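Chain lettering (A, B, C, D, E, F, G and H) follows the sequence in which the chains are written, and residue indices restart at 1 in each chain.
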Amino acid sequence: MGELSWTVDPRTAPRPRTGGWRTGVKPEIELSKCIDCLVCWLYCPDSAIELDGTAFKGFDYDVCKGCEICAEVCPEDAITMVAE
Amino acid sequence: MGELSWTVDPRTAPRPRTGGWRTGVKPEIELSKCIDCLVCWLYCPDSAIELDGTAFKGFDYDVCKGCEICAEVCPEDAITMVAE
Amino acid sequence: MTLELLTGGEAVAHAMRQIDPDVVPAYPITPQTPIIQNFAKFVADGSAHGELIDVESEHSAMSAAIGAALAGARTMTATSSQGLALMAEVVYLAASMRAPIVMALGNRALSGPINIHCDHSDSMLVRDSGCVQLFAESAQEAYDLMVMAPRIAEHPDVLLPVFVCLDGFTITHSAEAVELLPDEHVRRFVGEYRIPHAVLDVADPVTQGPFAMPDVYFEFRVQQAQALERAMDVFKHVAGEFRELSGRSYSSVESYRVEDAEQVIVALGSTAGTIKDAVDDLEHAGLVKLTTFRPFPAADLRRALAGVEHVIVLDRADSPGGTPPLHAEVAAALYGSGSELVGHVYGLGGRDFHPEDAVSLFAGEREEAAWLV
Amino acid sequence: MTLELLTGGEAVAHAMRQIDPDVVPAYPITPQTPIIQNFAKFVADGSAHGELIDVESEHSAMSAAIGAALAGARTMTATSSQGLALMAEVVYLAASMRAPIVMALGNRALSGPINIHCDHSDSMLVRDSGCVQLFAESAQEAYDLMVMAPRIAEHPDVLLPVFVCLDGFTITHSAEAVELLPDEHVRRFVGEYRIPHAVLDVADPVTQGPFAMPDVYFEFRVQQAQALERAMDVFKHVAGEFRELSGRSYSSVESYRVEDAEQVIVALGSTAGTIKDAVDDLEHAGLVKLTTFRPFPAADLRRALAGVEHVIVLDRADSPGGTPPLHAEVAAALYGSGSELVGHVYGLGGRDFHPEDAVSLFAGEREEAAWLV
Amino acid sequence: MARLKQLVRNQNGVPPLRGGHALCQGCGVPMVVRVVLSTIQRPTVVVNATGCLEVATTRYPTTAWNVPWLHVAFENTAAVASGVEAAQRALARRHALPADEEVAVVCFAGDGGTYDIGMQALSGALERGHRFLFVCYDNEAYMNTGVQRSGATPYGASTTTSPSGKESWGKAQRRKDMTAIAVAHHVPYVAQACSVHWDDLSRKVEKAVAADGPSFINVLTDCPVGWGHEPRLAPRLLDAAVESKFWPLYEVVDGQYRVTYEPTREVDVAEWLKPQKRFGHLNDEHIAEIRVQIDADWHELLARSA
Amino acid sequence: MARLKQLVRNQNGVPPLRGGHALCQGCGVPMVVRVVLSTIQRPTVVVNATGCLEVATTRYPTTAWNVPWLHVAFENTAAVASGVEAAQRALARRHALPADEEVAVVCFAGDGGTYDIGMQALSGALERGHRFLFVCYDNEAYMNTGVQRSGATPYGASTTTSPSGKESWGKAQRRKDMTAIAVAHHVPYVAQACSVHWDDLSRKVEKAVAADGPSFINVLTDCPVGWGHEPRLAPRLLDAAVESKFWPLYEVVDGQYRVTYEPTREVDVAEWLKPQKRFGHLNDEHIAEIRVQIDADWHELLARSA
Amino acid sequence: MSDLVEIRWHARAGQGAKTAAHLLAMGFLRSGSYSQAFPEYGPERRGAPLRAFTRASSEPIRRHDSVTTPNLVCVLEPSLLHEVDVADGLAESGRVLVADETFPQRDVNLAMLGAAARVLGAPSLDVLATATVEVLGKKVDAETIRTALQEGYEWAS
Amino acid sequence: MSDLVEIRWHARAGQGAKTAAHLLAMGFLRSGSYSQAFPEYGPERRGAPLRAFTRASSEPIRRHDSVTTPNLVCVLEPSLLHEVDVADGLAESGRVLVADETFPQRDVNLAMLGAAARVLGAPSLDVLATATVEVLGKKVDAETIRTALQEGYEWAS
């Protein structure tokens, strides 16, 4: 291991790929249904909803753990969980 | 020093004679005025009011520190502080 | 008797169930949690009958334990790491107030940085507190020492807290073969709880915890230290009785292949087992394992190491800017003995130690390494 | 410069006033109170300008100190005995989080029994914590060390808490001649407070106090221990600069009449002065006083005691069932040196130690006495 | 929803807590952090107590925090924050602050680190009047160490230290009313909130950080592991907590109580209890008992808010 | 006065706290102990926090206590009592109690040992529901260590850690409302009392020890040294504290507030402040400020008690 | 130490690796051998990849270090192959079993137990079944256990 | 150590023994000697008997033990004679001064300071007065101080 410091700098720290924690299902968007309400963004425990300004853009599958919460809260049923 | 124990038994423990802390005055009773209300007993910080049943008996000068509180609270002015 | 596959934590909880203490104040902390959780389950299911006090901090855990133990109730608790650090103040008080509390300690590295794995820095933090500290090598030993502990703690010559130290995760969370004694045997072995001047004995209204000025304080401390020294004899005596009960024997200093050894490692806890494996493969290499760290078995250790050329002390705790605790103790014990002495700090925060590490130490390959990182 | 008649507590408070720290979180406890009370008065009167945080416990005192120090503010505090015991957990964290806090410690016996007078058991409780510990012999030394402390704590090679230990009552409450440096000199000597990654520097948003698994924890501890070892050089360097400023010199190990001594006492704190009086009256008797207990000056001590036949270690703290702290350190340092070594525990809970006691030790009259009650 | 967009904008593309942390799948805690920190429009320093949030977001050499973040121990969050805040005042006075704006000091602690072991440090900091916001993310047990009972654990809940069993019905005591305790400290701002009532929470955070003194917000959020429910049920479950009046939403500004959300549907407490394994052993009598207590508490709250 | 005679009789010739202790001449604390312990008609165990009362009554080898008495440390009184109480329950269950009657467990702690450093242990014990009585003898500062500010120290009081001076007006914060905090714990009995209203105090103690669960009584008493007044003025001074409404007497039984004594005279707060050195530096504006706060608090209390 | 075998289990949390490690150790214990079982702990929560270990030997096991050179690696979740180096430290002639799509899909951890027993040549399925019943009690019925073990055993045959 | 003098002060708390001990030490300091002053602390509160100590020497004082063999004992409160052994440990040719009824009755502690200076032969009254003013500042006016010192000095003459 290299030089240690007792602080961690988020700008250089590695980001673990917790996408691997998913257990068989992942969220998928039907963009046409999406109204950019951002409720999914608000609820996602893993900050895995990517935005473009204030518009829904996509899922960050590197970190999404597949908890299904976004699908649950989407008022437009724009998100569905699909088998990987 | 003798054998120590980490507990102290009030039945055998010495009682310091804090009467020596008085600074020149001590309380005195005028028994004829006393109505045995026991307010002095109640207030005395040093448990120095001796009773006979529920009647005033006298002062325990061994421990009375001469604070004047009994004299202050006696409703009958039966207690006065006198120079020693 | 059949063997069970139990973690050290489970085994300790079983010992507690069998002893069936009156009061168990405890606060959760990894890796002690399996102990109190399993015990809580025993209580919830009616197979243990004590009062579990789910206190709001470890400071209060030990404080409530003192209150309960002095009130006249057999009292046990358990903690680890930060928990022990937070109660450190009160640990000293438990000893000085002569409260025979038994505490399981799932050894874990002290923060910081925060880490949940094993080292002995928590034990070492309170090595001056006046408590007995017994170290277990395995789940079986943790169980056995736990059964012996109340007998030592409550002995009239001792009346001090006893810690049963088991390596966090390595012992607390690892399942291995454990032989449990029959419940009845344990209950008979530990007997009734009796202390002088129970607080709840209102017919004997004594004052406990008085103020001591310079004219008496030192004498109190000497009394307490002498009680801890007497705990060594009591330990040996209780271990003797325990051997009769169980067939398993315990000594303050366990010598393993020391007879013809030129080099001997001194160590505590689960690593001792790992080193035994290494020693078996070597010649003239031995191990001394200490079961009693407090009281420290200086005389037994001197005897065990008499004539050994090279002594290697393994500390699973550091004392930055100073000498690690076990090393310092061994240095004082062997001072002037002629044995060469080197010390290493190993295993901090759960860093692994394999038989090969012991082999390389015996081979003199890391003589200069203060820290076996 | 004129001499003032000041207690150690007052002298330390003056040092604080002159340093003018940004934040001082503190909780009262005898015999530390004169320090914070005098400092509070300075703040109330506008001669010091920091934020005094009247915390609700010592655990919070040290916690707030860590927060303030890491936020970017020069931070000082003070405590004693139970206060240090209650904050023990956080003292370790202050060191591992590299918070350069300066703390005055009015040494007092740990309970129980409760006692307010001097011994070093409180210091010893946290001897593994990774903090620098400097011991003062007199009010003057307490003042001087307090002035040096921020320079050591804040040095980029160190970044660790520094304790200035002064014997409770004996130093904290005894008035004696003290020479204060001019305010301006002190302010210039200590300079500006600068640490890497101040929390309040929001442009540099780092994470402090992360979780460390077994893969990295050990390395953190080694880094921290190395920083504490480096504090020895830094101490010597700062002491050199301080000598130029004040004319008073400090070394890790002060040898007094050791040159031709056959017997030497090793001691800490105010008792060293008392022993000097005894040594003056004797032949072939000397004293070694340690100013730095952490980092422990093992090499300097070995040099100072080279060839001394008989070394007597005086511990003002006990480790029941084990070896007293200073004795154990000295045993490790002198192991194999050929010096004879005996240790005594003295002065617990404020028990007096007179020059005659030192004389009788040199005369070998109490060789067997583990405790000089 | 304008507020939601504002939260997004406030983040400026940098989430205070980013993905890639090690909290459980579906953990309820990050949402609390998101709402709180995205609401605050000033530079912010976070002081975090030991607990799930802390342990699972900062395994060296990683970190999920893009804001300055400090963790010392479990029980001393408010004390550490006191030090940071005092440092800010001291440095400001001598014009030595690195930042131009006042930095907001925000604590996050679980219920264990708030109601129990962190209570005294919090109480002291409230009394001293430091300017900081203390957010308790209350998931009603010590989750990090494996679901042990805390002062916040509700009556009847089974945890690993208050397990249900032949001789036990789970936790025997009712929960400590931490919000009321904070109110009793007479600080400028205290509120009770729930993660899924995010707009309510966000408004409260705004007021809290604007207060001239300490503020405290007690936020109920779920722990699928400790409560024993599917993560995706969380929004409904937390909603039932509020609607059933188990967890009323209110604020106390300078001593004045105000219910900030009046439940709109009649939701029985069973709807809150039943989906959770920790309450699985409760029978109808227990549930009735709980119902009575909740009603009583609700009426007391209404009376206070009148 | 019948009650006073009863207190005498209850003692049975053996005062729980006897003379010959080392508390200051005229100390206000012993009276609190006398009223509390003489009221209780059951065998009683005392758990005492570090503080004046403890230090000055038990210098080895003496003791002023005729009842079983236990002192462990400063901050853990309620926790120690929890252990004693749990022991009693456990021993009773297995019929191993030395006493036939239930023993009352009574804690005495100063304001420091209650409001500040002892707060968490107390809060935990209240939450767990132990049957014990916690009496805070509140003399509004850390007296034992030389009059330092505590959470109980009132606004404006000069203490050795909140001294008045060129840049300071004494304590800058208002006092922590410990009684309200105890009430917020929803325990069966909480009261605020004052030593010189001894009959009121005694009645409260009766109810407290009869409660099925924890009880807390916050008793104001004086410290001539720390307040700076002649000991003999204590009765009048404490009376002024109550009459001026600085220290209202009330109780809260199962959540119901009741003012137990309505001041009968119009006493201005100055009558309370002026004789005390610790308030000597306050000017009329400060006093007016204090007056306003006291009035507001009093009206809030009346509203609660309605 | 001669006949010491070491097994490493890979799974996601909740998939029963810890249980499998324990059951295998129990099987060995009930076969008259000595054994150890222990998982690995970190700050990661439910869902994260997890490892557990079993050791068995005819002699008492004294070592308490981690398993670094397993004789057998059992992977309960095939997706892990992309994330972790499951063959890390594999002993010479060691084997890796992966519950891929060819593997019995019900009660994967129990089936893997059967597979492991097959590969290791011990414990016998009977003893393993009894040991499993002893540990799991009424949580899983005995028939299910036997079937799963058998299926795994056969898969590995 | 040769010219070391040690003084013990007896009084009740509040009678100024601590101050007197300090002032005498200050007097010595301002005379060019070295000195120490310290009281004794216990759990006893205001009103209890109290002892304080002064040490003075022409050389720096390094010892930090208590005073056990005083050269001079000053008793500010005569009633203490019945309670404490004021002569305890008195050095050979040591003296005990008691503020009895012959003693100046105003500013007893300051007067005793004068008396002590007389008996010890140092410090001079002038230096002592200056030192006292330096310490007490405006609490007591200079004239009162001088008078009290002088009266005590004469009493002891």
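Here, a residue touches a chain if its C-beta (ideal position, glycine included) is under 8 Å from a C-beta of that chain, and two chains touch if they have at least 3 such contacts.
All values derive from a computational prediction rather than experimental measurement.
S.K.: Strictly by the touch rule at the top, which chains does chain D share as contacts with chain H?
M.R.: Common contact partners of chain D and chain H, which must touch each of the two, are C, F.
S.K.: Count the touching C-beta pairs: is B-H or B-C ahead?
M.R.: More contacting C-beta pairs are found at B-C.
S.K.: By mean C-alpha position, what chain is farthest away from chain G?
M.R.: In terms of C-alpha centroids, the chain at the greatest distance from chain G is H.
S.K.: For chain A versus chain H, what separation do you get between their C-alpha means, in angstrom?
M.R.: 79
S.K.: Could you put a whole-Å number on the gap between the CA centroids of chain A and chain G?
M.R.: A distance of 33 Å separates the two centres.
S.K.: If you average the CA atoms of chain C and of chain H, how far apart do the two points sit, in angstrom?
M.R.: 54
S.K.: Can you compute the centre-to-centre distance for chain E and chain H, using the mean CA position of each chain? Integer Å is fine.
M.R.: Comparing mean C-alpha positions, chain H is 62 Å from chain E.
S.K.: What are the residue numbers in chain F that touch two or more other chains?
M.R.: 22-23, 25, 27, 55, 58-61, 63, 65-66, 71-73, 75, 115-117, 119-120, 123-124, 127-128, 151
S.K.: Please output the residue numbers of chain C that touch at least 2 other chains, ranges allowed.
M.R.: Within chain C, the residues that touch at least two other chains are 30, 54, 56-57, 59, 82, 86, 89, 93, 96-97, 111-114, 117, 205-213, 216, 219-220, 352.
S.K.: If a residue has to touch 2 or more other chains to count, which residues of chain A qualify?
M.R.: 6, 8-10, 13, 17-18, 21-23, 65 - these are the residues of chain A that touch more than one other chain.
S.K.: Mind listing each pair of touching chains for me?
M.R.: After working through each pair, the chains in contact turn out to be A-D, A-E, A-G, B-C, B-F, B-H, C-D, C-E, C-F, C-G, C-H, D-E, D-F, D-G, D-H, E-F, E-G, F-H.
S.K.: Which chain F residues qualify as touching chain H in the complex?
M.R.: Of all residues in chain F, those touching chain H are 22-25, 27, 52, 55-56, 59, 225.
S.K.: What residues of chain E sit close enough to touch chain A in their complex?
M.R.: Chain E reaches chain A through residues 1, 4-5, 7-9, 15, 17-23, 25-31, 34-35, 58-66, 196, 198, 230-235.
S.K.: Residues of chain D touching chain G in their complex?
M.R.: Its residues touching chain G are 211, 213.
S.K.: What residues of chain B sit close enough to touch chain H in their complex?
M.R.: Spelled out, the residues of chain B in touch with chain H are 17-18, 20-23, 65, 84.
S.K.: Report the residues of chain H in contact with chain F in the complex, numbered from low to high.
M.R.: 42-48
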